[in-house]
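Next come two complexes, and both contain subunit A; in the first it sits with subunit B, in the second with subunit C.
Right, the complex of A and B next:
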């Protein structure tokens, strides 16, 4: 694998994560527990879809198909997203925990990539970093509030954290060319990212009265980055591409 | 007449943000490049406010349309580039006044370390009171947050510092 292929692999997994979590966030549109939360998840969906589009544009510059084609014409085995983002929205407790775990990882990822040797990626990361601060702020506010709420809210959040944990660890599935990305200063690599992520979220979860599962039970759920997905991804893609499939040439 | 970047910049002050029609794209700070060729072809570079802002393509078209109406100008091209990272600190003082005129609280300056506490201190655009409460950091468009003024008892929206 050469450095362009390594870069494409990194861009695909970032873009696909953004697109799929963006779609999942949008599923709260009209269903949020309060109006402000309905708007919050819809706004974050819009941010993430926008971010994915710009990442697909970078891939397009490297010779891949255009953003719409890449987003709307692939099947599940061609996607590089992690299992965490594919899971159905579940209850609000699960969606908040996933939002917290995913967005802090993205926060760290964008911060690292701001100084990437690949300038076009560094430039978009600077933009995304300004946006994701609002996402992590939102996630932490709610996790803190519900973790410290009453017994029922704490139990729900803890159960969701326990369920989501190994999926979250799966976000850091090593790619086939970590060494190239690291050597060429394109990205610090998944292992370093995971360490930074753990350092960031551990004190926040403690303050929220939530406990990270025992280390002996950690078993990262891998496969997403190499096209092996949960049963939930293909139905999501079918729904997401429904309008596009009816008329691919439609102008918006 | 000689076409200069300043001339084009003045012209672009007539192109307004479709979501906040009181502010021009120049005062919003998104015009990051104006290149003029020998035969007066104009190339304008815009930087996105938010990655998912749906108004961006509209604004590109509006720039093309506005400059395209001048016979003395050659071909008009518009491109988006992330080379300059847009932040709310790029909004001019006139831009702040225009945002307030639209009924939104202008973004606080120098907010690279944004926090809930900073957002809580947003000043009411109607009565200038600081006795306000933030209801949500997400509003009806990507660039807005929701607030309530305890002084004049009105809900208002703020332009988010980013």
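Right, the complex of A and C next:
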């Protein structure tokens, strides 16, 4: 694998994660717990899709198909997203925990690629850093609020954290060319990212009265990066691409 | 839309059907504690005045700031946001709004009453001509 292929692999997994979690979180549109939260959560879901479009455009510049084609015409085995982002929205407790775990990882990832040797990627990271920072503020404020709420809210958040944890570790599935990305200063690699992520979220979860599962039970759920997905991804793609499938030239 | 509480809404929107929402009555909402409102003040750039733009509902100031950002700063240039509990605002009574009426014979209070433009104009002309005399 050469450095261009390694770069494409990195871009695909970042963009696919954003597209799929963007679509998942958009499912709350109109169903959020209160009006203000509905607007905020939907707005962040849109942000994610916008970010993915910019990364697909980078892939387009590297010879891949255009953003719409890439986003709307692939089947599940051709996607590189992690299992975490595919899971159904569940209750708001799960969606918030996923939002927290995913967005802090994305925050650290974008922080790292702001200094990527691949300039177009560094520019995208700088452009969207503020959006992602707000997403982490939103996530942390909610997790802190509900973790410290009452017994019911704390239990729901802890149960969701326990359920989501091994899926979240799966976000850091090592790619086939980590050494190339690191050697060429394109990206610091998944292992380093995971360490930074743990360092960032551990004190925040403590302040939220939530406990990270015992390390002995950690079992990262891998496969998403190489096209092996949960049963939930294909139905999501079917729903997401419904309009495009009816009329690929539709403009909206 | 279903009317019985044991039925769920059957919608063309698959998300709504999946959510198994009750179409029943929601009178029980009256028994719940409601969030307070926060007044939102928006500053477009540093040094500018914060201007009142509206309210958000939130359980505390941190959440109010999160929502204020999305409701009032999403589509315009923003440097800073303030929120303050609506309960902290003191207001005049509308019943007393007659205190704001100004008696008509006090026109001298209005700047339009001062006839100074001719003097300002004369000063400007003199200034322009006299720069080399200073």
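One rule holds for everything that comes next: the second predicted complex is superposed on the first by the 252 of 252 C-alpha atoms of A that agree within 3 Å, B and C clash if a C-alpha of one lies under 4 Å from a C-alpha of the other, contacts with A are read in each partner's own complex, and residues count from 1 in each chain.
By definition in this document, a residue touches a chain if its C-beta (ideal position, glycine included) is under 8 Å from a C-beta of that chain, and two chains touch if they have at least 3 such contacts.
This one's a predicted model, so the numbers in the text were calculated from it and none came from an experiment.
After superposition onto subunit A, the modelled positions of subunit B and subunit C overlap sterically.
By the touch criterion defined above, A:31 lies against subunit C but remains apart from subunit B after alignment on the C-alpha atoms of chain A. Of the two partner chains placed by superposition, A:194 touches none, neither subunit B nor subunit C.
Comparing subunit B with subunit C, the partner in contact with more residues of subunit A is B. When the shared chain is aligned, subunit B comes close enough to touch A:53, but subunit C does not.
In the superposed pair of complexes, A:39 makes contact with subunit B and with subunit C alike. Once the two complexes are laid over each other on the shared chain, residue contacts for A:239 go to subunit C alone; subunit B is not touched.
Legend: residue contacts after superposition of the two complexes on their common chain; A:128 is shown touching subunit B, with no touch to subunit C. Contact with neither subunit B nor subunit C is seen for A:156 once the two complexes are overlaid on the shared chain. Note: residues 36-37, 39-40, 43, 134, 137-138, 141 of subunit A belong to the subunit B contact set and to the subunit C contact set alike, using the contact criterion stated above.
Only residues 27, 29-31, 34-37, 39-40, 43, 88, 134, 137-138, 141-142, 144-145, 239 of subunit A touch subunit C when the two sit together in their complex.
Of all residues in subunit C, only 14-16, 18-19, 21, 35, 56-60, 62-63, 66-67, 69-71, 74 touch subunit A in the complex they form. Against subunit B, the residues of subunit A that register as touching in their complex are 36-37, 39-40, 42-44, 46-51, 53-54, 120, 123-124, 126-128, 130-131, 133-134, 137-138, 141. Contact residues of subunit B toward subunit A in the complex are 48, 50-54, 81-83, 85-87, 114-116, 135-140, 142, 146, 160, 162.
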